[in-house]
Amino acid sequence: MKTILLTGFEPFGGEHSNPSWEAVRRLEGKHLHDGSRIVTALLPCAFGAALDSLSAKIRLVAPEVVVCVGQAGGRADLTIERVAINVDDAPIADNLGYQPIDAPIVAAGPVGYFSSLPIKAIVQALHAKGIPASVSQTAGTYVCNHVFYGLMHMASSRHAIQQAGFVHIPFLPEQAAAHPGAPSMSLSMMMEALMILLETSISVKHDSQISGGTTH
Amino acid sequence: MKTILLTGFEPFGGEHSNPSWEAVRRLEGKHLHDGSRIVTALLPCAFGAALDSLSAKIRLVAPEVVVCVGQAGGRADLTIERVAINVDDAPIADNLGYQPIDAPIVAAGPVGYFSSLPIKAIVQALHAKGIPASVSQTAGTYVCNHVFYGLMHMASSRHAIQQAGFVHIPFLPEQAAAHPGAPSMSLSMMMEALMILLETSISVKHDSQISGGTTH
Amino acid sequence: MKTILLTGFEPFGGEHSNPSWEAVRRLEGKHLHDGSRIVTALLPCAFGAALDSLSAKIRLVAPEVVVCVGQAGGRADLTIERVAINVDDAPIADNLGYQPIDAPIVAAGPVGYFSSLPIKAIVQALHAKGIPASVSQTAGTYVCNHVFYGLMHMASSRHAIQQAGFVHIPFLPEQAAAHPGAPSMSLSMMMEALMILLETSISVKHDSQISGGTTH
Amino acid sequence: MKTILLTGFEPFGGEHSNPSWEAVRRLEGKHLHDGSRIVTALLPCAFGAALDSLSAKIRLVAPEVVVCVGQAGGRADLTIERVAINVDDAPIADNLGYQPIDAPIVAAGPVGYFSSLPIKAIVQALHAKGIPASVSQTAGTYVCNHVFYGLMHMASSRHAIQQAGFVHIPFLPEQAAAHPGAPSMSLSMMMEALMILLETSISVKHDSQISGGTTH
């Protein structure tokens, strides 16, 4: 039985809520089939501060699995991120007013880290339940990628963390109502999807050999 | 207290279900706040046959309000259709194998009919409930537009029908799971949206003066 | 040998140029293969005023063919408009600050007019020359549709006008450079496309029986 | 005066031409302002074979700058790639019928390499000339990313290569004509853009501090 840390973000970019925290906070204390327990944390949408929060929570709860969740307004499905890259390049300022451009997240850190979640098996499991999902080749260059990279960097030296990764979720319908043409997903489906993602992560030993790639 | 006819379509284009019928059939027999009662009908996805079905049902139940619902795979929100045009131009064959090109729906009929639903007030009411919705300037040239045009043509000569119109709804999530990147909406939100649409239609006397237009 | 009136618009919506006028003005005085001559006019991007200009020019040059061209920022190809509808519903104010909502263009006018250009044959001819093009089912509800509807209304009572219609063209590349992700088309291709459109219009007697429709 | 190697790809995915090679081959032997000379090469669209070709050409011409160009059907602008990742995950088979899934490009190679081109200054220079362009955070997981990664891996150990990178270009108009709604760019603009990209690459010492990032 493992401890699973699941994180969400506070709102940013003018939104009044962030679907990642709305979905994540409702899973606090839930148990997976094998008895593993979910612990949650809210991260600030701010470079540096977000990783400080994540790091403190990891020290506190010593999780075996860490999955961070972020909002991807404009995407239509759950996107399981494949890779984090070592750069902050912010198109808008973060919630503390900071807008880094082409700054490394970890000085002299590697260019990237791959997710250690079974990203293909997760997509398969979600599709099997009728939930739109795909692999994503980029988590962007904002606070989401910053946290994803920082998480994988911690996991690379902290062997108690067996699996770690990042998933982007769409707008909630009430957000999409204010963004004409923007796709959305219901809160209950997001919650169900995160549970499936976690169950798949702890049960799959070898990821599925199916394509999740793109030509460009 | 009115009789409200709400129709959905059978699946087409290789889909296994059609969200319009999935949502509509669950509203059979429901009552609106003023006591008006919903009667539903399933229409075949076929030129001609769909209008025959609709016409027979209208004669049978003598509705004061008729709203037809169709699937718009690829659209992210409920789209309240503004206008039907007098042309069948099918990009794919219908469910009976018929693919008309540039054929009038009603010989010598007018070029178009505007919806008689309060389309702006409906969008406002849906937004107020956090449901993504917008006005659409085209219902296409396939069976949906065919039914919409035929409905408005019947309504133009059958004065018992006080209001009539058409609304397109997105894919269900389980459909979108098979169409990478396609937006979707939950079945429960579709059902809630249709109820709001009907409540608004029977209660609004003058449509809202807000823009629902596009530059092109 | 005919007189062909080709019109473009002044810039609107914060743009510094309008590709429709940039392309159209360079075709002033050009001749088609049969000797027909192109006359051009610049229309203001303003409800009412645009139709006054168009009407005056039509009285002046007595054209047999009239094609109005407008900018559709965000579309990737030449879109040959199928139908004009009798409504002004402006999402933004026009260049004179006027923003009508759900106002008829012609009081008691018909709901719509179909283009009298051979829209399918035009798309075919453009494709044959490697130019992206398609039929569009909506010209929007702004000044472009306003002019298109007004033009067809004039043509319906002015029998000297044998053919009339509307075509939308994409941003120019220099406009797209300021709109991240927006598609564009080169000015020279737009000019070539308009010439092909005109040649096809005056030479085709019966439009092609190919689908240019959409399911929604 | 440097030797600049510019490569394009053969057609793939059912296309009859590849805009990357169409544009690149027309620049063979051209000189930049400082006298540097462009050498070109055609790469097969095949995992492994493409890198063998590239490697052989690099040994042959000993370039100081290498820029590989690929087709990104569906993108509207020139996209200057920021990062290559160490994975082949092919959504379709390559031109030799090979479809690797989640295979490393270089066993035990680093997860990623950043481009050593001044990607922000290139975007700025292109915008200044009215050419649509942006930074891209992913080159996909197909042969383009494969070549980009392999190129940067070679450059990391071959110090004669001072700068290397990858750029994706849209469909040509004649390709887009067969893909309804797909954006395109003219061949002459692609050629002009590649010349600007190369001139900027060899003249800029420090990349511009402007954002080219995305929130996700």
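First chain written, first letter: the chains are A, B, C and D, and each begins at residue 1.
Definition applied: a residue touches a chain if its C-beta (ideal position, glycine included) is under 8 Å from a C-beta of that chain, and two chains touch if they have at least 3 such contacts.
Just so it is clear, the model here is predicted, and its values are computed rather than measured.
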Task: In contact with chain A and with chain D at once: which chains are those? Just list them.
output: none
- prompt: How many hops, at fewest, get you from chain B to chain D via touching chains?
  reply: 2
Statement: Counting C-beta pairs in contact for B-C and for C-D, the higher total belongs to B-C
Message: From the centre of chain C, which other chain's Cα mean sits the farthest off?
response: A
Between chain C and chain A, distance of the C-alpha-averaged centres to the nearest whole Å: 47
Task: Determine the centre-to-centre distance between chain C and chain D, using the mean Cα coordinates as centres, and give it in whole Å.
output: 38
- request: Averaged over CA atoms, how far is the centre of chain B from the centre of chain C? Could you give it in whole Å?
  value: 30
Touch-based graph of the chains, sorted into line, ring, star, complete or other: ring
Task: Within their complex, state which residues of chain D touch chain C.
output: 76-77, 126-127, 130-134, 172-174, 176-178, 180-186, 188-189
Chain A to chain D touching residues, read off their complex: 13, 70-75, 82-83, 85, 87-92, 99, 101-102, 110-114, 120, 137-142, 144-145, 168, 207, 209-216
